[in-house]
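Lettered A, B, C, D, E and F in written order, each chain numbered from 1.
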Amino acid sequence: MTQRPPALSHLTSAEAAESASRGDVVLIPLGALEQHGPAMPLGTDTIRAEDICARVAARLSGGVVIAPTLPIGVSPHHLAFPGTVTLTTTTFAAVVREVVLGLHRQGWTRILAVTGHGGNNATLTTVAQDLLGSHPALRFAWTPLTAVVPDVVARAGVSKVHGHCGEAETSQMLFVAPHLVREDLAEPGTTRPDELSDLARLARSTTYPALSLRYDELSANGVLGDPTAASADLGAQIVTTATDRICDFITRWSAI
Amino acid sequence: MTQRPPALSHLTSAEAAESASRGDVVLIPLGALEQHGPAMPLGTDTIRAEDICARVAARLSGGVVIAPTLPIGVSPHHLAFPGTVTLTTTTFAAVVREVVLGLHRQGWTRILAVTGHGGNNATLTTVAQDLLGSHPALRFAWTPLTAVVPDVVARAGVSKVHGHCGEAETSQMLFVAPHLVREDLAEPGTTRPDELSDLARLARSTTYPALSLRYDELSANGVLGDPTAASADLGAQIVTTATDRICDFITRWSAI
Amino acid sequence: MTQRPPALSHLTSAEAAESASRGDVVLIPLGALEQHGPAMPLGTDTIRAEDICARVAARLSGGVVIAPTLPIGVSPHHLAFPGTVTLTTTTFAAVVREVVLGLHRQGWTRILAVTGHGGNNATLTTVAQDLLGSHPALRFAWTPLTAVVPDVVARAGVSKVHGHCGEAETSQMLFVAPHLVREDLAEPGTTRPDELSDLARLARSTTYPALSLRYDELSANGVLGDPTAASADLGAQIVTTATDRICDFITRWSAI
Amino acid sequence: MTQRPPALSHLTSAEAAESASRGDVVLIPLGALEQHGPAMPLGTDTIRAEDICARVAARLSGGVVIAPTLPIGVSPHHLAFPGTVTLTTTTFAAVVREVVLGLHRQGWTRILAVTGHGGNNATLTTVAQDLLGSHPALRFAWTPLTAVVPDVVARAGVSKVHGHCGEAETSQMLFVAPHLVREDLAEPGTTRPDELSDLARLARSTTYPALSLRYDELSANGVLGDPTAASADLGAQIVTTATDRICDFITRWSAI
Amino acid sequence: MTQRPPALSHLTSAEAAESASRGDVVLIPLGALEQHGPAMPLGTDTIRAEDICARVAARLSGGVVIAPTLPIGVSPHHLAFPGTVTLTTTTFAAVVREVVLGLHRQGWTRILAVTGHGGNNATLTTVAQDLLGSHPALRFAWTPLTAVVPDVVARAGVSKVHGHCGEAETSQMLFVAPHLVREDLAEPGTTRPDELSDLARLARSTTYPALSLRYDELSANGVLGDPTAASADLGAQIVTTATDRICDFITRWSAI
Amino acid sequence: MTQRPPALSHLTSAEAAESASRGDVVLIPLGALEQHGPAMPLGTDTIRAEDICARVAARLSGGVVIAPTLPIGVSPHHLAFPGTVTLTTTTFAAVVREVVLGLHRQGWTRILAVTGHGGNNATLTTVAQDLLGSHPALRFAWTPLTAVVPDVVARAGVSKVHGHCGEAETSQMLFVAPHLVREDLAEPGTTRPDELSDLARLARSTTYPALSLRYDELSANGVLGDPTAASADLGAQIVTTATDRICDFITRWSAI
C-alpha cells in the first residue's frame, strides 16, 4: 500500500480487509457547504479537512486509511448567505452513525472523524455519546482543525472579533489551496466588538451562557476577522502543528 | 408576582399570559439521573440546576419565570453504574425542542436552558442550531453551571484529574443540598494521570482530538477528583459567582 | 432508607442498586403544563401526581421508589389557552419508553407510571402495548388519579357537565396544595349541556363514537364544572381513597 | 350513487369530488390480523368493522362514503399465538394520520374511523390528539364496536371473565359471517377469575391501575369467555344496536 | 384448506400455523387510492392486485396464502385529481416492512408482494434492500402486474403515449371488474407526444435521466392512452399471461 | 467562470448566487463504497459518477454546476464482502432530500442527481415521489450511468450473466481511471446461468417478480460477468455516449 494513496475508496475489497485486520485508524473527513465570505469558496471547510487528512496519512506512512469525505454538514447559521446548504442535525448524525457503524461492522475499531467545520462539533459529540450507550466497545474519536492549535492562533495575533473566514481560516486556505482564494476580493468583516449589535456583542461576550445567532446578525459580509491580514505562513504553522498533534494522538492511540 | 415563586407551573393561565407579554425570560432547569459516586445522589445535576435557577430568579426579583425541570438527560457514559438512566440524544433533543417551541407559541421569546449536566451540552447546541434554521427569530440560549466559572475552580486548586463528583461539584452540593451528601461515604476517585489506563490518559490529555470513554474506564468508583477536599465554602463561591454571571447575562439580554 | 424520602434522585448509586435488587416498584409521576382555568395553576396535574406518589410511598413505608417527575405531557386540546405547552404523542411516548427501559436496564422489573393528566392516558397505553411486543417480560403499569375513584366522585354529586378544573379536580388541589388555588378567582365553567354548542353537546353525549374537541370549543374559561362547589373535604376523600387503592394494587403486585 | 355501493375505492375521481363537496362523512374500517381462538378467523375484527360500516351506509342511504379498510392493527399482546401480525403504534398512527389528512386534503371534513379491534383504540386517541394540535379545524372521530353497546352485552349475561373471542364477539361473527366460524372447534377459554394466575387476576381486577399482559398469560387458547354460549341472536342485537347508535351519531354530526 | 379460500384473514390461528410450517408462499396484495380518469374507480390498482392474487391461488390450488390487502400506496403524482390519497414513502415502507417481518416472525419464509400500482415499486425495492441488510435470510420478492407482460401489451398495439388508465389497464378492468368501469364516460387522454408540453415530452422521451412530473402536467383528464380502445379480450390475455408467469415463479421458488 | 471548474464547492457565495439566478442545472454525483471484485476499488461507482459529471460540465461549457459528491449509498447486498459500507434507505433518502431542498432554497430550480450505483436508484425515485407531493414546483431528475446506454452494452456483447464488475463497468473504469484497476487481479465472476444456484438462477431469470439476493449468493468473488474481457475502448463508447445523452437531456431541459 506504500505507493498507493490510503483512500478507502481506492482500495479493493481485499485491501480493505487487510487494512481492517491490520488495525488501521480510519479518518473520516467532514466538511460543509457554506458561505465563506467574498473571497473563499463554499467548500473551504471540506477542503481543509481533506487536506489535513492527507497530511496526516503522509506523515504516518501507514496505519491509517481515509474514508470518503462527507461534504455537507450543519450550517443553519449561514443560510441567509447564498450557496449555503445544511443538513439537519438529525440527518447529519444519522449519516455519521451509519458510516461509523458500517466501518465497525467491516472490522475497523478505531475511527477518527476530522471536521473542518465547527458547526459539526456538537452533532459529532452526540453521535459519540449515543455510540457509548449502544456500542460500548467501539472507539470513536473526532477532532476539529483550528481548535487543535489555539496557542498558534493566539500567538499570531488576530482581530478582537475573529472567527469564520478570519485570519486563521484564510491563512490555512492560502497555504493549502491558494488557487481557490480570491485575494483580490478579500475584505475585513466584523473585527471589533463595537461594530457588533448589542445582541451580537452579548452573544460574543461569554462562552456561557451560549446564545447562537445567525451569521447575518454578526457580519454583513459573513466574515469575522480580517482575511486581508492572513498569510500562507501562518497557514503553514496552523496546519503543520495541527498535523503534528493529530499524528501524535493517532500514534499513541494505535499503540494501546 | 413578587410574593409567589416564579415557577411557571404555579402560575395560572392568565398569569402566564402576563409573563409572556411582559417579556419574561424563561429558565428551563435541565438535569440528569446518573451515578454521582458513593456519596452524592443520582439527581445531583438536577438539584444544582434547580437551585441556581431559584437563585437567579430571587436575585433578579422579576423578569424571569422558571419552567418545569426536565430531570433526565444524556448519560450513556455512566450506564455501567447502577441507577443511571439516559435518554438518547434524539429523544432529549425532541423534548427540549418541543418545550422551547411550545413556550414560544405561547408568546415567550427569550428562553434560557440551564443544565446542571455537561452531558446535555452537545444536544442543547444541536437544538439551538436546528432552531436557527427553522425559527430564525426565536432567541434560545443555554448555559452549564460549573463551566461558567472556570476561574473560580482554577483558583481553588483541584486534583490533577478532576471532574465528575470532584471538588467543584461536591462543593456545590455541600452548599446547596448538604443533607443529600453522605460525607461519611465520600472517597477520592481518580485524581492523578498515572492512575489512568493508557487509553484513559490519552483521552484526558487533549481537548482535541476528543475521545469519549465510559466512566467505568476512567474511575472505579465513578469519581474524578477528590470529594473529601470539597467544602461548602468553595461551593458558595462557585454558585454565587455563577449566579452573578447568569444574572448579568439575563439583565443585558432583557434590555436589548 | 427509612428516614430518607424514597426519591430515586436522592439515592446514591449504591442505594439504587439495593432498591432494584430488593424488587422495589418504581413510581413515575407524570403531569402536564396546561391551563387550569382562572383559579388553578398550570402545573395542577403534576402537583397532584407528585402528591399521590408521596402518599403512596409514605403509606407503604418501603418497597417503592419514586422516579423523577416528567412534568410536560400531551395537552394539544388546551393550546388556545395561555401557558399551555404540549409534547407530541410521539415524543412523549419516546421519553416514557426510554425512561422505563432505562430503569429496567438497571434492574427494576415493576414500574408504575402515575399520571395526574388524563391526556397522557392514551400514549401510556401505546407505550405499554409496544413494550409487550418488544420486552414481553417487563411489567409496566400505569394509573390515572381521579378515574381510580369514580364512585367517590359520583357519590359527591357534581355538575352535569363536569371534568377539567371541576369539583373533583379543584377539591383535590384544595386538599393537597391549597396555597396554589386562587379561590377568589374561581368561577364556574360550562356546567350544563344546554350551555354547550351543538357540536360540543354531541361530543359529550356519548363515550363512543369519540369526538375530541379543543377546550376552547367546550368552555369559555377552560373549566368544565363548578370549582366554587369544590371542597378540601371532597379532595381528601378522593385522594385518600385513590391512595388506598393504588397501595392495595402495589401490595398485591409486589407479593406475586 | 344510490345503486352503487358507497365504497370510496369504487368511485371515480369525479364522484369522489362530489362526495367531498356534498359533505359526506368518511368511514374508515380498521381491523387487526390476530388470533381469535380455535374457532374464529384471524381477520375477525376487520370483518366486523367492514360489516358495520356497510350496515351504517345502507341504513343512512346517503351522506357517507367508506374508505378502504386498514386491515392490520396493534396486536402485540397476541404475538405468542400463530398468525398474529402487528404494527408498532408509531407506524399504525402514521398510516391513520396520513390517510385522514389525505382525505382532508381532498375536501372531506368529517372522518370517522371504525375499529373492530380494541387494541387500536389508544393509538386512534393519540392521532386525534395530535390532529387537534396540528389541524385544529379538522373533525376526526373514531368508534369501537362492542363498546358502543355495553348495556346490550351486560343484559345478555356473559362469563365472569369475558372479552376477546367471548360470547359478545363470537355472537357478532355468528350473525355477520357464520360461514367463517368453526363452531365445531369452539371451546371456552378462561371464564372464571379463579382460573387466572395471581398476576392475571390482579390485572383484571381493576380498571386502574392498568397492567397490560400478553394474552398467553391470560388464557391457554387465547379466549376470554365462552364462545359456545354465543348466538346469532345476541350478535344481531349487538350489531343492530351499535349500528343504530353510530347512525344516530352521524346524523346529528352531519346536521351541525 | 381446499374448500376454503386461502385468505389469511379467514384462517384460524391453528390453520395459520399449519400454513407457515407447510412453507406456503404469502401473497400481499398492494394497491392505491388514486384517480383513474373519468371512467375507472379510485381503487383500480387494488382491485387488479386482489384479482390476480386470487387467480394465482386458484391456479396453484395450495401452497399460497393471501395476506390482507394494503389498499393505500404511494400516489403523490396524482394529488391534483380528486379522491387521490397517498402515503409518504417512509410510512408505506414502514407498513410493508412491519407486515413482512411480522409474517416472518410467525414462521413464513417466502413472501411475495403483488402491487397493482407502479408508484409502489420503488418503495418495495427499498424495503427489499433494507431487509437484505437486516434480515439476510428472509426471502422477500415483489411483482407489478402489467409490467410482467410487456410483450403482450406491445403485441396488442397501444397509443404512442400510453400508461395510466390506457388500453392495457382499462382492458384488465373490463376483464376483472367490468361493472366498475363506466364505459360511457371513457375518453382518450394524452395519446400522442405532440399533445404533451415540452417538459412532459422531455420527461417521456427517455427512460433515463428520469424526470418525474405530476399527472396534471401530463394529461388534462388523468389518462395516458385511449381507454375507448380497450377490450375485455386484451384484458384476459394480460391477466392470464401474468397469472401464468407469477404462478411459474412461485412454483419454481417453492421447489427450491 | 470559464477557467474555473464548475464545482459548487469551489464557488464563492456570490458566484453561487449568480449560478442560481442564471438558472444553472445542479448535478449531484452519487456513488457507493462497496466491493467491486478483486480488481476494482471500493469507490468505483463514485469515481464513475464524478467523472461523467465533469465530462458533462466540460461538454456544455456553462449552465451547470456540480454539487459535492455523496460518496456512500445503498449497498446492503454487498455487506458480506469486506469494505462495503451502506446507508439505510431512510438515511440516504433524508440526505438527498435535504441537499436537494437546500439547493432549492438557495434558488436553483433544476437538479439532476447522477448515480454511479444502481443500488441508489429506488431511493432516488422515492425522493422524487415525495418531493412531487411536498414541493410540486421543484424539478428533480436523476440518472444512472450504464443504464443510459443499454444499446451500447448490448452491441458490445457481454457474458450471459453480466452486471456488477462485469465487462461494461470494468471497461468504464479502464477508460476513466485505469490506474485504479488492478488488471493483474481481474478474474471472471459468474458468467453463465448454470453457475448460479437454483435460487439465484430464478432471481436472475425474470425482471418481475423481483427477488433481491445478497451478492454472496450470486458470485463467489462478487463479480457478475468477465472483467478480463473489458476494454478501455468499450469504456470510451459507454462513457462518451452516456455523456452525449445526458448533455442532450440537460440542453433540452434548460431550454424549457
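Please note the rule applied: a contact is a pair of C-beta atoms (placed from the backbone, for glycine too) under 8 Å apart; a residue touches a chain by one contact, two chains touch by 3 or more.
Since the model is a prediction, treat every value here as computed from it, not as a measurement.
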{"item": "Shared interface partners, meaning chains that touch subunit B and subunit C", "value": "none"}
{"item": "Shared interface partners, meaning chains that touch subunit A and subunit F", "value": "none"}
{"item": "Maximum centroid distance from subunit D, chain identifier (CA atoms)", "value": "A"}
{"item": "Option in A-B, B-C or C-D whose residue-number contact pairs overlap D-E by over half", "value": "B-C"}
{"item": "Chain of greatest Cα-centre distance to subunit C", "value": "F"}
{"item": "Approximate Å spacing (C-alpha centroids) for the pair subunit A, subunit E", "value": "48"}
{"item": "Separation of mean Cα positions, subunit F and subunit C [Å, integer]", "value": "56"}
{"item": "Shared-contact residues (touching 2 or more other chains) in subunit D", "value": "79, 86, 88, 90"}
{"item": "Chain-level touch network, classified as line, ring, star, complete or other", "value": "ring"}
{"item": "Circular arrangement of chains, read from subunit A onward through subunit B", "value": "A, B, C, D, E, F"}
{"item": "Residues of subunit E defined as touching subunit F within the complex", "value": "74, 76-77, 79-80, 86, 88-90, 93, 112, 119, 121-126, 128-130, 132-134, 136, 139-144, 147-148, 198-199, 202, 206-214, 245-246, 249, 252-253, 255-256"}
{"item": "Of subunit D, residues touching subunit E in the complex", "value": "7-17, 20, 31, 33, 35-43, 46-47, 67-72, 79, 81-88, 90-91, 94-95, 98-99, 102-103, 105-107, 180, 182, 185, 222"}
